[in-house]
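Look for chain A in each of the two complexes below; its partner is chain B in the first and chain C in the second.
Up next, the complex of A and B:
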């Protein structure tokens, strides 16, 4: 793979903008230029797997723990971070959770996002290494882009180049009767549909894993995630069946128990993650990897 | 030294100005949560909304991390209208993940309307503060346009209550030099709003009319405006700023570079020291034509001579007048000041 346009410029891996060779981030979309240098060193095209979802759905926590589990060789996976910047996200998430705090909100500004570039492989008879690029995008930025395409060009470019998508949906909200997760999921899929489809008669070939987050609120969700989705996310489920060629539903949970705290001079109630109890974190990713 | 600086423009009754408005913040509603444009007046176009949403301040965007943190930005939209962000902290972040909730009042003004405020976002902010309904009252998805009182005639009456020290004046001068030269500049200052108040008095209208500003907001490439006044820059942001071609002028760690605008800058420094910022602002606002270094040098020289002539004897006053008599004016402001000099000379001669 070659992303070098000419000796004096380097093309951004995400948006293709020509940047100075010494640039650290793309002047257009703020993606780290280290992605390009790493990709060139590997001499194979990296695959982008995007984690998308509404604000506060749990993208940062999910992605942080996923990357950490891969690094810890869970389920015979092996993952090698390419560059220290790739470790920032899991470090941020794990450190905060260790202190019983959720990580801070991901800023909307793309220059502040954490990006991860990992070489991943599942050990077996014929291990195949895959280069994966996974950014932690802000939910607000995704929502703004979905509502008005081209607001955040970086998201548009990123999703257009994605080989797989993990669509996170708040199962707890859906189980409590809120239609918001369902509508957001439908909007997101319509956006992807317009991005990927050239022929309306064909379905989208990009694998999409619908990940039902915070499933510990509704443990039945783990038994049959698809059925849960059919019952609580009907619109999304129907659209998945109509438009996606490769789709699967998963339930996931990171926090085992939540506490709520407030101080005497502050009326804000803060949720405290009392302990971490990972469930169903690896499976959606593994499924997407198999589809690539 | 008791050097006062121009800080807060006062607003008196003036011409009413209509502008479009919106609120950008994070609230939990049936339509979702997270930062978005929660309310807007009908005159805001979809393209304008898209453009402003991409750079509006959100969580952790304000420099001042206190409950009273405020920040502002002003920039020209592709439609040609001016967009102003007037941001403040409005309680704790609603998802309780730490930090403050940022609430931004978005104002969109026609260029003519912005001109009535002297292209000075602080003047718009002052007018908005007078006119504003409480945010709670305005939280409907559709808002009426906002009517502001321009009060341009009164905006020169600056509040000169706060003194600044010499290093701050020198830094302000260095930032002003970059603005006059048209170089993107970031100034890291202790009080961004105060710095902006002082700085604007030394920036002619011709330059203000194309100056995009970020004040009291953290620097990010998505808000890569021409003038950025912030409290500090981390190593990463400094590197980003340099990659984006900014001249960075750090508090107490900058070198004064020679500038073609030196006489004007000396005049500005002197005005800030003496508490003459209001007068400086008045002159700057009259400079609506293209401002070359020569034109500003000429105005600065004339202004100094006007001061000198005030307390001088007749012979000196005549000599000063003669010095300017045959000079070709590079701006109408110079012409006006020359008229003032002549009038002063004639008045003294009649009195004798």
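Up next, the complex of A and C:
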């Protein structure tokens, strides 16, 4: 693959904008130019796997633990971070969760996002290495882009180039009767639909894993995630059935139990992750990888 | 094979674990006969026999039954000496955070967590229908304590029976109240939070104020317990990981399943604010097969779960006060 438009410029891996050869971030989308250099070094283009979802659904925590688990060779995976910046996200998540704190909200500005470039393979008879780029995007930015396309061109470009999508949906909210997760999921899927297909007779071929987060609130979610989604995310399920050629439902949770800290003097309630118990983190990713 | 702190067993499943999708094999139901004393012996309610012996003194077989029960208690339980523990009162586990010193008297702690086979005895004896062993305010909730087929029992059972392949695995899918009810039914009780920590940290009173970070010592070793890093991905039989035993032979205080204790979780966060749950929080200890951080499975780490939670990674073990003549 060629990433240089001319000897004087380097094209961004995400949006294609021409940048100075020594630029560290893309002047247009703020993606690290290191992605380009890594791709050149590997001599193969990376696949982009996007983790999307509404604000506060748990994208950062999910992605941080996923990357850390892969680095620890969970389930016979092997993952090599390419570039020190790729470790920032799992380091940030682990360092907070280890002290029973959630990491801060991902900033809306794309220049503040964490990017991860990993080489991943599943060990076996003939392991196949896949280069993956997985950015941690802010939920507000995703929502803004979905509401008004091209507001965040970096998101538009990322999703347009994605080989797989993990759509995170808040199962706890849905189980409590909120329609917000369902509606956001429909909007997200509709947005992807407009990105990936122009012919309404064809379904989206990009694999989409619908990941029900915070499933520990409603343990039945783990028994049959698809059934839970059909009961509590009906609109999203119907749209998945209509428009997606490759879709699967998963339940996941990271927090074993949640506490709430508040004081009489203020109305601020802080959620405290009392301990970490990982369930269903690897499975959605593994499924998407199998579809690539 | 990899080495290191987070080395993972490349054999993802232990031979004794059940692979998802395998056909379940329901266990046999318990059949008892005879009077209450003999049934208590048959259902292994040894605590009931030894603690309630006064009511059976006139029973023709009392002496032999009592001796058998004492012998069983001696085999199934281990002595935890008196000591002193420092219970953390903060969720921010750093030096300098508030703690409270709690003395513990000597007591007996079960060497193993309660197994599915043990709990089957309780279910078959109609434990869920014996209202006297349940708190009155829990009675309306008993209707929710059903298994996958709607029968009274732990959440992951079917038709009121456990999978016989998991007979020696710790029972899970039971809330705090189910654990307490079983203990009461058998004549035992749940350990207090401080007692559990004493058993795991072995902070015996003495000139040297030493305690263990883990039951076996201070260094974490992945092969001594069943945490996430061990790679098993599920529960193991209660006899597994013998190298992780406490000095008195109690197994799996760390790892395999979290354990309910008879303690209400009262802690503050790093800013001193009280931490509460959606419902009453009860302390759980020890970590489980899916505990990601080894330092969340130490002898002093305190955490909690909603008292009604019927999780796949929470079990319990019983305690017994020292028997007096």
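The rule is short, and it goes like this: the second predicted complex is superposed on the first by the 288 of 292 C-alpha atoms of A that agree within 3 Å, B and C clash if a C-alpha of one lies under 4 Å from a C-alpha of the other, contacts with A are read in each partner's own complex, and residues count from 1 in each chain.
Methods note: a residue touches a chain if its C-beta (ideal position, glycine included) is under 8 Å from a C-beta of that chain, and two chains touch if they have at least 3 such contacts.
Just so it is clear, the structure is predicted and the values come from calculations on it, not from any experiment.
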Greater chain A contact set [chain C / chain B]: B
Partner chain(s) touched by A:45 [first = chain B, second = chain C, both, neither]: neither
Chain B versus chain C as contact partner of A:108, first or second or both or neither: first
First (chain B), second (chain C), both or neither touched by A:21: neither
Which superposed partner A:127 touches (first chain B, second chain C, both, neither): neither
First (chain B), second (chain C), both or neither touched by A:180: first
Partner chain(s) touched by A:276 [first = chain B, second = chain C, both, neither]: second
Touched partner set for A:151, first chain B, second chain C, both or neither: first
Doubly contacted residues of chain A, that is, touched by chain B and again by chain C: 270
Residues of chain C that touch chain A when the two form their complex: 2, 6, 8, 10, 12, 91-94, 155, 228-229, 258, 265, 267-269, 271-278, 281, 288, 290-293, 295-296, 301, 303-306, 309-313
Residues of chain B touching chain A in the complex: 26, 30-36, 46, 49-50, 53-54, 56, 58-61, 91-93, 95-99, 220-223, 239-240, 243-244
Parts of chain A lying in touch with chain B, wherever the complex brings them together: 20, 23-25, 27, 30, 54-56, 101-105, 107-112, 138-140, 143-144, 147-148, 150-152, 180, 184, 266, 268-271
Touching residues on chain A, where the partner in the complex is chain C: 65, 72-76, 97-100, 216, 219, 256-263, 270, 272, 274-279
